[in-house]
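Structures given as structure tokens follow.
Next come two complexes built around subunit A: one with subunit B, the other with subunit C.
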Partner chain A sequence: MMRSKILGVLALVALILAPQYLPVYAMTLLTELVILALFAMSLDLMVGYTKLVSFGHAGAYGLGAYVCALLSLHTHIPLPFVVLLSALIVGVVAIGIAWSCTMATGVSFAMLTLAFGQLGYAVAIKWVSVTGGSDGLSGIPRRLGPFGWSQLTTKTGFYLFALACLFASYFFCRALIRAPFGQVLRGIRENEMKVLALGYNTRRYKIAVVSLAYLFAGMAGALYASFAGFANPEMLFWTVSGQVLIMVIVGGKGTLIGPMLGAVFFIMVEHKLSELTETWGLFMGIIFIGFVMFAPDGILGILNKKLLRRSGQQKASQTSDPSTAAGGHSA
Partner chain B sequence: MTTALECIGVGRNFGALAALAEVSLKVELGEVRAVIGPNGAGKSTLFNVIAGTLKPSGGQVIVNNEDLTGMRSQAICQKGISRTFQLSALFPEMSAFDNVRLAAQGKLTGRWKMLGGSQVLEQASSLAEQAMARLNLKEIYDTPAGTLSHGDQRLVEVAMALAQRPAILMLDEPTQGMSIQETHRTVDTLKAMLAEESLTVVLVEHDMDVVFSLADRIAVLHRGRLIADGTVEEVKADAGVQDAYLGGLD
Partner chain C sequence: METFSFILIQTLNALSQASLLFFLGSGLALIFGIMRVVNFSHGALYMLGAYIGFTTARLTGSVWLAMLIAPLIVGLIGLLFEIGFLRHLYKRDEDAFLLVTFGLTLVIAEVTRLVWGAPPLQVPLPSGLDGVVFIFDEPMPLYRIFLIAAGGIASSIIWLFLERTRLGLLIRATSQNSQMVHALGTDINLIRSGVFALGCALAAVGGVLAAPSVTASLGMSSAVIDAFVIVIIGGMGSFLGAIFGSLIVACVQTFGNFFFPDFALVFLYALMLGVLIVRPGGLLGKEA
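Right, the complex of A and B next:
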């Protein structure tokens, strides 16, 4: 426990100091990673904590991007507020989507989320006057402020802002899953019928968690639009939903941190593989299958096992009495 | 005596089959009422209709003077009826304690809290501790519920219902699938718990020894109809019951 806390603080310090030491191109990649980590973490609330598998999470991401693009192009709201407002709008829209999708369960639920995602994609392509059609919206400015601040619009400033969004969202989600609400989500994950019998209206909890997951995905999309300066229909396409689902599962679902690592892993492997071969998708698929078969707890699961083994060895070497080493379970 | 639960002419059809027909039954406050009958007699159907898992085709279910007929199971739970399931229904990866705590939380007003809410969790924890102490489950607090023995799983389920402080506790075959030793232990534990708690209990059970040692009164169902309703002695002496069900018993 202590060890993972220290690691967390070290990682945060390293991320804050990164702009001082890393070259510009690396900072661009790192900013993208921070945004995708937020995107993957948002999906973990549904997939990892509530066992609600979504195949349409790109819908929330893309919607956030388009809302942010439109607000930035047509208003002068300062950057941080544009991002927050976009996230909130996506969260509110998601209440309706969640209300519809949670009428179904299991595979049907996943298919409905896919349908809503693809609906968003179709709207983005067809509603040319607002969305720019298949070209999307480009030239999205980062508005100054508040109080005329210009720091957030620089490369480094924007990176730090994205990092702050990621960490604030992480701490919010962590508090959420530790609160009474999160206990109910765990129950729904393991046995929804029983949660109903215990007097909980499980559908309300599911609608709430889907809305929150979409809200944070929308925030990630809004950050991406400001970061890249464009929003296009590809962001809403179902393959993006598939990729973020892979990030969550490869990283380790139900951990919040794992999906962040999964996002980093996915993008790094994609970069490396696409340098070597055009059929990188094939190899990514093999890696994914490998994780599902041999490491279902993902990257974080592997790391945890390593850490536990090391601390287990230390404990074993400290005590010479074998009965105490095995005694933890018999009580 | 006040009536805690009343069924008036409750029926339930599955297609053309009347699994339950015109069953009327009164359960008094503080009594342990067993519902017995051979397989397919309609015990579980009656149980599920009262608990809201099934909707009745006719009749009324009244609890503490309030008509609960056809309400959904989560609403009925909030009205004070907590149930266990015939097959153990737990959260297998959560610890036994977390199972019971989640049950207790279900009846607290702050169960929704998204942030903070540590008082709610503390309140639920203390209810869970009390319930688990009543059923002698202190030793298995941290064990994942899925890895517990069958007997312990059933008792954890009873603890979950108990932690909700129900007005009526409904037990669906609490000793089903248990070894003889496990059954004895469970009956002793339940007996001790009932002596302390003065609860109203509806008990569906196959094992006659369990029924005779726990129940105050017994209702007998046969082919969806109520054929007898009385004290243990009355039911044992009833000729119709002898024919239908107890024939094999000495």
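Right, the complex of A and C next:
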């Protein structure tokens, strides 16, 4: 427990200090990574804690990007507020989507999320007057921060802002899953009928968690639009939903931290493999199948098992901590 | 007369579309019926069928041969995947199955892109079917009439197979209670492998048949959504439901595209949601 806390603090310090030491190219990559980590973590609320598999998470990401793009292009709201507002708007829209999708369970739920995602993709392409069609929207400005503050719109400033968003979201989600709300979610994951029988309206909890997951994914999308300066329909395509699902599963679902590691792993593999070969997507698919078959608890699950074996004595205290007992639930 | 011929033509169009959707949806329904899980790679296999059909047609010069070879190859791929991977996942929850078949989708999509490239490929019409017939002075491609016939014949054969043969009986029994079938001395692993391969082959038939009218393209793998809409509407795991579902979806697509081209997709999803609200198990599904 102590060890994971120390590691966490070290990682945070390293991330904050990174702009001082890393070259510009690496900073661009790191900013993208922070955004994708937020995106992956948001999906973990659904997939990892509530067992709601979504194949349409790109819908939330893309919607956030488009809302942010439109707000930045047509208003003068400062950058931090644009990102928060976009996230909130996506969260509100998601209530309706979640209401529809939770009509179904299991596989049907997954397919409904996919249908909504593809619907968003179709709208982004067809509604040319607003979304710019298949070209998307480009030249998205980063409006100066509140009180004419300009630090956030620089490269380093934006990175630190994205990092702050990631960590604030992480601590919010961690508090949420440790609260009674999170216990109900885990109950739904393990045995929904039982939770229902205990008198909880599980549908309402599911709608809430889907909306929250979409909200954070929307925040990631908004950050990406500000970061890259464009939003296009590709961000809504189902392959993006697939990629983020890979990050969650490969990293380790139901741990919040795991999906972030998954995002790091995904980006590293993408960059390393795409230098060597054009077929990196193929290897990604194979790696993914391998993880689902042989290591369903992901990278974090493997790391935890190693840690536990090495420090056999601390086993008891480690498994009682939800943030380190990554693979505990599926055993 | 004007409206009558219009409705007739559009109905024929819808029926030919329904026949393509039938091949796509019935395979998914059969697989779901036996394994209680969704094969996410169904759209990718449908696409692969179209591409293999393209190559066969180019090498042999015969689209008819392509209609035979593509399902065989895709069925074999399905068989190997079931034996190599899926078989080991029946004890896990349904999510593992969904995720593994999703991984297969990625692999197939990538392999297809590497082998055939990204631009769409034109598959010729089969010889003898490239003509046009006139119905009330309206042109109707002969190929569409052929599609309607093919869908009608194939659905009848599969239905008779499921309802009137001993093997069909075993398949239906397995979908109702696999453990009992196993206890009575039938190797259900064999049935599962066989049905999975059959379902994949059906998807490939759909892909080959669709290819001449839509061109073989990487976007075809999104057909898994259509397939799933059909199965949701018709009823999970119900073969008759899949036929019914393809007819409904084809009608919504054809008439929706004609009257409200920008909103056809919305109608389809609204229809699916409506069915889920009124009958969560689908129109012909048994489970509520």
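As a working rule, the second predicted complex is superposed on the first by the 312 of 331 C-alpha atoms of A that agree within 3 Å, B and C clash if a C-alpha of one lies under 4 Å from a C-alpha of the other, contacts with A are read in each partner's own complex, and residues count from 1 in each chain.
FYI, contacts are C-beta pairs under 8 Å (C-beta built on N, C-alpha and C of every residue); 3 or more make two chains touch, one makes a residue touch a chain.
Keep in mind that this is a model prediction, so the values were computed, not measured.
Trainee: Could you tell me if A:P23 is touching subunit B, subunit C, both of them or neither one (first, second, both, neither)?
Mentor: Neither subunit B nor subunit C is touched by A:P23.
Trainee: Is A:N201 touching anything from subunit B or subunit C once the two structures are fitted on A? First, second, both or neither.
Mentor: first
Trainee: Who contacts more of subunit A, subunit B or subunit C?
Mentor: The larger set of subunit A residues in touch belongs to C.
Trainee: Touch test for A:F181: subunit B only (first), subunit C only (second), both, or neither?
Mentor: After superposing on A, A:F181 lies in contact with subunit B but is clear of subunit C.
Trainee: Using the superposition on chain A described above, determine whether A:E190 touches subunit B (first), subunit C (second), both, or neither.
Mentor: After superposition on chain A, A:E190 lies in contact with subunit B alone.
Trainee: Look at A:G139 in the shared chain and tell me whether it touches subunit B only, subunit C only, both, or neither; answer first, second, both or neither.
Mentor: neither
Trainee: Name, in rising order, each residue of subunit C that touches subunit A in their complex.
Mentor: Interface residues on the subunit C side: 37-38, 40, 85, 88-89, 92, 94-96, 98-100, 102-107, 109-111, 113-114, 222, 225, 228-229, 232, 236, 262, 265-266, 269, 272-273, 276-277, 280.
Trainee: Under the definition above, what is the set of subunit A residues touching subunit C in their complex?
Mentor: That would be residues 51, 53, 55, 100, 103-104, 106-108, 110-112, 114-116, 118-119, 122, 126, 238, 242, 245, 249, 278-279, 281-282, 284-286, 288-289, 292-293, 296 of subunit A.
Trainee: Along subunit A, where are the residues that touch subunit B in the complex?
Mentor: Residues 172, 175-176, 179-181, 183-184, 186-187, 190-191, 193-202, 208, 331.
Trainee: Hey, which residues of subunit B end up touching subunit A in the complex?
Mentor: 51, 53, 72-74, 77-78, 82-83, 85, 89-94, 98, 101-103, 105-108, 110-117, 120-121, 124, 139, 160, 164
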